[in-house]
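To start, the structure under review is shown below, and the notes come after it.
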Amino acid sequence: MKHLLSMEDLSTLEIEQLLDRAAYFKQGGKLEGDKKLYAVNMFFEPSTRTHHSFEMAEKKLGIETISFEPGESSVTKGETLYDTVLTMQALGVDIAVIRHKEEHYYEPLKALDIHVINGGDGCGQHPSQCLLDLFTIKEEFGTFSGKKVVICGDILHSRVANSNMQVLKRLGADIYFSGPREWFDASCAAYGTYLDIDQVVEVADVLMLLRVQHERHQADGAVFSKADYHAQYGLTIERAAKMKKDAIIMHPSPVNRDVEIAGCLVESEQSRIVAQMQNGVFMRMAILEAVLNEKEAEMRVCTL
Amino acid sequence: MKHLLSMEDLSTLEIEQLLDRAAYFKQGGKLEGDKKLYAVNMFFEPSTRTHHSFEMAEKKLGIETISFEPGESSVTKGETLYDTVLTMQALGVDIAVIRHKEEHYYEPLKALDIHVINGGDGCGQHPSQCLLDLFTIKEEFGTFSGKKVVICGDILHSRVANSNMQVLKRLGADIYFSGPREWFDASCAAYGTYLDIDQVVEVADVLMLLRVQHERHQADGAVFSKADYHAQYGLTIERAAKMKKDAIIMHPSPVNRDVEIAGCLVESEQSRIVAQMQNGVFMRMAILEAVLNEKEAEMRVCTL
Amino acid sequence: MKHLLSMEDLSTLEIEQLLDRAAYFKQGGKLEGDKKLYAVNMFFEPSTRTHHSFEMAEKKLGIETISFEPGESSVTKGETLYDTVLTMQALGVDIAVIRHKEEHYYEPLKALDIHVINGGDGCGQHPSQCLLDLFTIKEEFGTFSGKKVVICGDILHSRVANSNMQVLKRLGADIYFSGPREWFDASCAAYGTYLDIDQVVEVADVLMLLRVQHERHQADGAVFSKADYHAQYGLTIERAAKMKKDAIIMHPSPVNRDVEIAGCLVESEQSRIVAQMQNGVFMRMAILEAVLNEKEAEMRVCTL
């Protein structure tokens, strides 16, 4: 695994190995080797969790973090992403974690020697979020097989929904969708069935709520008032009361409180929203280790 | 001391202990224990001294610093301060140093497990500045008792004036105020007497000048020209010559040179303005240690 | 060497020592001593290479880096550069690496105890870029003597051209200039001869291309279309084919691909553009060491 760009690139075995290593780090495991390593976190779109979760994972692994602010870099003088990442490679940086608004921004970067980890590409993939979601589900149930997972909300524009529906089905879960019908795409029908929110709360083992991305919807006019969305499609207190007792609530955050979910449910007993953030650090440690192992493997080949 | 939010929360004993520990760190003292600790400095308003003084204190104590830029975080997508700090806690961050324009922003954060240190809340409190001022005065005179401290300038809008007048009086100093009359509030009269600048320079042991916050005054219309302010209320070279020989000049910085104080007096022999910045690092080491000791104490309780 | 401000301050011996130490660091050499040291990188103009190259050099030397964002500092409240750097000194920072748009910004800073390294002053000097260029040429040819170096492009506005023409001549190279005639200044004639690009590609040992600074030219109206500049003054594929086989191509970056140079030549066999970025880290390690040695020397004097 030289880069981590898309969930589609990962075999089921690789996913399972990542889940095992995240569990190892969560139990206090350490990275082997004492080579000094460098990572740069290049976030061209705002982020709190993904950015600082990777930073925390780097620090816990003893990897040095190089700072990078797009607005103070030569990107402002028109330097391309390729030339910027080439620069980081030339400076001796081992890993670039990148979030960029352009889908598939990483294609030209595959030619570089630096390891690229995709921290989100537009409406495309967000593999580290997907993997930490998998880790959180497996930690809860020990398996994916036969679990009823409902993805609810802005499926069309969601990096998370895209990655999750494909890989969860591959791992044996049963997928359902909910939320506004106009955000349910024919392409999703291959992965699961659309159900009304009042139906899904009774059947779901995992209720994955997605963020309503107000900032993306202002352009296309499909705007709900917050109260309307909550009443029609959100997890209200009343709906939450109908959930199975061992079912869990997930959300990639940031949460719009009282839109996708009633504010008081965010830190409730059935919610795993805080656990997802905690697990994100350990999964990202596993991802960083995995791309560095590839480096080690390359270096071993070179010295033969 | 789980958090440091306001000087009002501190007992006189706690203040004295912080002053002692700052002196210990100034003499090269080290933090005990070898646990890896993490802090995040969240400055939602501009800062050079407070921000980087905390960062330096963290580095000197061996605490890892997590980066945070409000403008590149999910705050731009509407995430609340509570949810942002909750995220930092979930990522494993031990301490959040926060500056925010809203007074008492920290109230909802008290429920969190992360330690919050107030780096300034609007026109409210700025306890670490207050404590470093106390440290600088005690270092000079060995006591507060009977020392004549003049707070001069924009008392109404100053976080520093608010904290300092209360605690200095509590510690036995005699408080006076100077500066424009319209910035002297009836509420201050409980703490000290208003005097003209030409009177106070002759009696003061400590002359604490406050910054004229042009950026806050443009709204309320109480604007002086820089030269007028300096002539009427500032520490001119002439006035400085009338000060007692062992009196000291203080200012929380940034200084408006030739407004509150003649530029050439900033680094003069009686000025402690640079010493305040130096002492700030040691006092912040003491503050960080104090909240971490609370963590240790909690952990000891848990393991019993 | 207390500061590094301008190439003009450096003797030929000092330059040679810096080149030797950069080679030492490139071979994996380490900094001696175990004192904890602190640097701050203050970039008031955008930068990717210089900023992060210094940061990387600091990390490789074990120097702690203090963060600094001009837009989030008290500079936004009108604090001067002098007072900002004085603050950094008071906080205990040993070295300030500064880029600032004002030429000779560093003059008032010479009085401070903190070591100042000039990361570029307006259209003035950029000594660390100059030194890494020298290092790259010496690494290639072992000498400067008699080597034909062509500086091609926006000579008038270039920090790099200014420093390089003077020092390369001093070290024995033969200097030529090319690019638009109107950007060739009478003051350059003292250092070398102007030649047409089609002539120079055949004689050059080193072809140093400069960046067309579109952002600076929009003001003065001397604007070329990108295609026009490339055709008339750029290194096209056809021109590159006429170069001597052991000649090298250099560029300080960021490159405007297909303006100064055909995009496909950037990573070509004769290009040293990536090597310049790699060498920059090692040269900056040598520069940091040099100013710190001065500190050591001062401290030895003090303890006698």
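Just so it is clear, A, B and C label the chains in written order, and each chain counts residues from 1 on its own.
The working rule: a residue touches a chain if its C-beta (ideal position, glycine included) is under 8 Å from a C-beta of that chain, and two chains touch if they have at least 3 such contacts.
In this text the structure is predicted, and so the values were computed from the model without any measurement.
Contact topology of the protein chains: fully connected, every pair of chains touching.
Residues touching across the chain A-chain C interface largely differ between the two copies, under half of the numbers being common to both.
Superposing the C-alpha atoms of chain A onto those of chain B requires a rotation of 120 degrees, given to the nearest 5. Annotation: 40 Å between the Cα-based centres of chain A and chain C. Shown for chain B are the residues that touch two or more other chains, namely 67, 69.
In the complex of the two chains, the chain B residues touching chain A come out as 36, 38, 40, 64, 66-69, 71-80, 83-84, 86-88, 90-93. Considering their complex, residues 43, 46-49, 51-53, 55-56, 59-60, 65, 67, 69, 214-215, 253-257, 267, 274, 277-278, 280-281 of chain B touch chain C.
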